[in-house]
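Following this line, the structures themselves.
What follows is a pair of complexes built around chain A, which joins chain B in one and chain C in the other.
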Partner chain A sequence: MDTRVIGLVARKEVRDALRNRWFLLYAAGFALLAIALSQLSTGDSGTAGYAGFGRTAAGLVNLVLFVVPLMGLTLGAQSLAGERERGTLATLLAQPVTRTEVLLGKFAGLALALGAALLLGFGLAGAWVAARGGGVEAGAYAQVVGAAALLALATLSIGFLISSAARRTSAATAVALFVWLALVFAGDLGLMGSAMTMRLPVRTLLGLTLLNPLEAYRIGGIAAITGGLDVLGPAGVYADRVLGPSLVAVLAAVLVAWCVVPLIAAGVVFARRGIR
Partner chain B sequence: MKSQPAQDREVMIQAEHLARYYGPSPALRDITFDAYRGEIVGFLGPNGAGKTTTMRILTGYLPPTSGRASIAGFDIIEQSMEVRRHIGYLPETTPLYTDMTVWSYLDFMARLRGVANRDDAVERAMSRVNLDDRADQVIGQLSKGLRQRVGIAQAVLHDPPVVILDEPTIGLDPRQIQDVRSLIHELKGNHTVIISTHILSEAEQLCDRVLVINRGEIVAAASPEELQTQLAGAQAVRVVLAPSVQPREVEKAFADIEGVAGVASEGDGRYLVKVTANGNPRAAIAQSVVGRGWPLLEMTPIGMSLERIFLELTADADVVDETEIDTDTDAGEEDGDA
Partner chain C sequence: MIAVQDLTVRFGSATVLDGLALDVPSGGGVALWGTNGAGKTTALRAMLGLLPFDGTVRLGGHDVRRDGRRARAQVGYVPQQLAFWDDLGTLECLQWLARLRRAPIERAAVLLERVDLAQHGRKRVGELSGGMKQRMALAAALLGDPPILLLDEPTANLDAAGRADLLALLADLRGAGKTLLVTTHRLSEVQALADRVIVLEGGEVRLSCSADALEAALYPFATLRLVVAPADEAAALAALAKSGFTTHANRHGILVRVAAGRRAAPVEALLAADVAVEDLWMEDHWIEDPRAEGSHVEGDAWTPG
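Let's turn to the complex of A and B:
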């Protein structure tokens, strides 16, 4: 594998992302909402300081939960499908480059672009809280940002898997939106509903929750901010008791698996179509 | 048109029994041909005949279901990277990164290829296609003809021995078509060029050899001139009789004459009599007409145009737009033909 080629494709992808209206809209929207949340959370003097930070961070966790997967899924879904639809993939793959190099280059470029958008949003929100006299728990905040970055990579990876099999950008985007809805609702209403109707034991409920990258992120974020999972109810208390100090490692492993497995699957699907 | 006999020249492309199936549907059934150093070979065929699929296989974009091919001696499957180093490819519809400038696009492609002396190579390629003064222009703002030149510059950037151009003149106005044709003509000699086209005059003008592809098979392969003379029935005689003569009787009478391959009534007493290879039935036709007392108004020998030969060879073609089929996806496979 030629890292020079991966670097070249990644650089081009970053440039393209910075010209992509959707990406710019997402990034600007995320940054503005993050600032708005910080303003609301530290708005009255009574909640300044750590309480203000806690509220800002909790708000950001929820914001990330909706916006970041949407960004990751749709950008990933448009990546290969877009090149295929425009016909540029045929030219690109007629160069002496492998499909794996193209895939990894595109992934790396979009990951960098997403990372920059996240840093911008979180950076502005953190700076806003700090400027208004609120204390920022750097460690907890870094954990929330790190988990958000992993969530971005995980959803980008799923987006690439969708893209590797799609021939049209519109179809890939539609599937990505459906997956986004499914993950959001499976995490919340779906699990709650099925837990009640199917009388799922708390252990199964926790297992199912951890399978969803969005939930893994939510639990990690809340644990970082509050130091415990009591706010999540019996499942949270159970997770605390069973996983204890290894909770963060388990959640990180879930998110890393979501980053790696769909990307490998995307590589297999993409490579199966061509020579080498 | 060929300057040297084929057997004395270096084979640059060798394709043996290439086939490509999408499920049970064949996009290519059996493609076998050689292309020699410095010649221009035209793939001529209706939409959906298999021209694009053959090109995609040769460029490594798509694996064949069976058969083998080599470019400059490198196997397309086993030595795919070497193959790609030895070809320049311009797909149909000239897909380019339209938000890049001409220079940055060519520079990006040169970097991907790891071209030595990159700046020189980009300048040289731009100069070959007369784009020297367009370096800083955004590709999306260029006319179709200029974009086509950018695409060709990309294909010759690394001075490859083999250049593959898929429908290089499609969608261009007549002047742009002439520009692109002269560019392709200039490539001759230094490069082996494969072009696909469904424009017969283009094949006649540009190509040393024409491979007529229909339904995934080569149905004829020869120089444009040879194609006109080699094929059975390539010569014909137009006979004009008084309209009062019954066409059925004429067809019956002519069909029995030695050297006649077929008779078609064109109405108004006009008949097209196709002649077998090396056949010369004109005297016998004249005798037959006079003997029956039919008034003979005209009898003219005519050479069949490449267009008529093409139509005859591809008479059973399905008209499928190959560009609509993406062979890189499962969805494309379901669509079948390519």
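Let's turn to the complex of A and C:
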């Protein structure tokens, strides 16, 4: 594998992302919403310190749950499918490069672009809280940002899997939106409904919850901000009791698995389909 | 330099290329000839490893499936669908491709000059005309100075003058030792660029012959249009019929079906019958080959009817 090729493709992908109106819209929207959340959270707390930070961080966790998967899934879904549809994938793959290098280069470039958008949003929000006199718990905040970055990579990876099999950008985007809706609502309404109708035991409920990368992120974010999972009710208490100090490691492993497994699957599909 | 054995491509249950075999020596030229859908583009794409295929393909001694990177480094590819990144500058795009190929960056500007696009280097690729993109594609194919050129209908987007220029450039490249594999449905390109031609139809090889033999093989008959004085038309038709020619008269003259290599014979028959010929010219090829049923010919291009 030639890391130079991966770097060249990644640099071009970053450049393309910075010219992609969807990416710019997502990034600007995320930054503006993050600032708005910070303003709302600290507006009545004055210099009350960490209360404002806690509210801001909790708000950011919920914002990330909706916006970041949407960014990752749609940008990932459009990457290979877009090049395939425009015919540039054939031009690229006709060069002395391998499909793995192209896939990894494009993934790395979009991951960097997404990371920059996240850092911009979280950075502005943190700066806003600090400027208004609110204290920032750097460790907890870094944990929330790190988990958001893993969630971005996980959804980007799923987006690449969609893209590797799609011929048209529109079809890839439609599937990505469907997956986004499924992940968002399977976490809340789906699991709640299933738990009630099927009388799922708490252990099964926790297992199903952890299968969803969005839920893994939500649990990790809440644990980082509040120091426990009591706010999640019996399932949260059960998770705290069963996983205890290994909770963060388990959640991180779930998110890393969501980053790696779909990307490997994307590589397999891309290798088989090529430009078709 | 190019060795292909039993190249077969399937899309689902459909076999779109079936058992293509060809061998092009270093400096040689081979044309893949056929109508749209014959499998020409599929063959080139499979040879580059862009499509899954059965069989073996070796480019410059490297197996495309096992050592794709080295095999593709031997090849410059001009695709039929000219697809570059429209928001990049023309020179910038070539420089990026040069980096991918580990070619000197300066070569991008040199090649733009060679294809007469130097003054358009700062334009975005999306602003180039179809003909300019065609020339840019050739510049891109030459970036790594590869010994093999795979050209998929390289003059498709060019006007007559542009086509002549590009053919001259490609002939120069061949003269300089490049190995060419070109897909086309233009006789003039086959004759200018290839020693041998492989005729594909429905993904199967129908004919393999020398470039010179292609015209006679594909078009055993041509059409000669003769103009005689209106008063002589009946006598001319009778004389031609007597000599065994198939004819058709309209207000523009008399169309005579004539075998390749005997194009002067109708004129001789008319002169022998004391009919003066006022004008004459060769028209389309006379399609009688059953393979070409439902097709028509314009100029030297054979396209589905």
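The rule we apply is simple: the second predicted complex is superposed on the first by the 271 of 276 C-alpha atoms of A that agree within 3 Å, B and C clash if a C-alpha of one lies under 4 Å from a C-alpha of the other, contacts with A are read in each partner's own complex, and residues count from 1 in each chain.
Just so we're on the same page, a contact is a pair of C-beta atoms (placed from the backbone, for glycine too) under 8 Å apart; a residue touches a chain by one contact, two chains touch by 3 or more.
What you are looking at is a predicted structure, and each value in this text was computed from that prediction instead of being measured.
K.L.:
Clash or fit: chain B against chain C, after overlaying the two structures on chain A?
P.N.:
Clash.
K.L.:
With the two structures laid over each other on chain A, which partner does A:12 touch: chain B (first), chain C (second), both, or neither?
P.N.:
both
K.L.:
Given the touch rule stated above, what does A:21 touch, chain B (first), chain C (second), both, or neither?
P.N.:
Neither: A:21 stays clear of chain B and chain C.
K.L.:
Would you check which partner chain A:96 touches, where first means chain B only, second means chain C only, and both and neither mean what they say?
P.N.:
both
K.L.:
Could you look at A:241 and tell me whether it touches chain B, chain C, both or neither (first, second, both, neither)?
P.N.:
neither
K.L.:
Looking at chain A, does chain B or chain C touch a larger number of its residues?
P.N.:
With both complexes superposed on chain A, more residues of chain A are touched by B.
K.L.:
Touch check for A:84: first (chain B), second (chain C), both, or neither?
P.N.:
After superposing on A, A:84 lies in contact with chain B but is clear of chain C.
K.L.:
So which positions on chain A get touched by both chain B and chain C?
P.N.:
5, 8, 12, 16, 19, 86-88, 90-98, 274-276
K.L.:
Which residues of chain B touch chain A in the complex?
P.N.:
Touching chain A from chain B are residues 56, 59-63, 76-77, 80-81, 84-85, 87, 89-93, 95-97, 99, 108-109, 111-114, 154, 326-332.
K.L.:
Please output the residues of chain C touching chain A within their complex, sorted ascending.
P.N.:
Per the touch definition, chain C meets chain A at residues 11, 45, 48-52, 68-70, 72-73, 75, 77, 79, 81-85, 87, 96-97, 99-102, 140, 144.
K.L.:
Provide the residue numbers of chain A that touch chain C in the complex, in ascending order.
P.N.:
Residues 2, 5, 8, 12, 16, 19, 86-88, 90-98, 272, 274-276 of chain A touch chain C in their complex.
K.L.:
Which residues, counting only chain A, touch chain B once they are in their complex?
P.N.:
Listed in rising order, the residues of chain A that touch chain B are 4-5, 8-9, 12, 16, 19, 84, 86-98, 165-167, 273-276.
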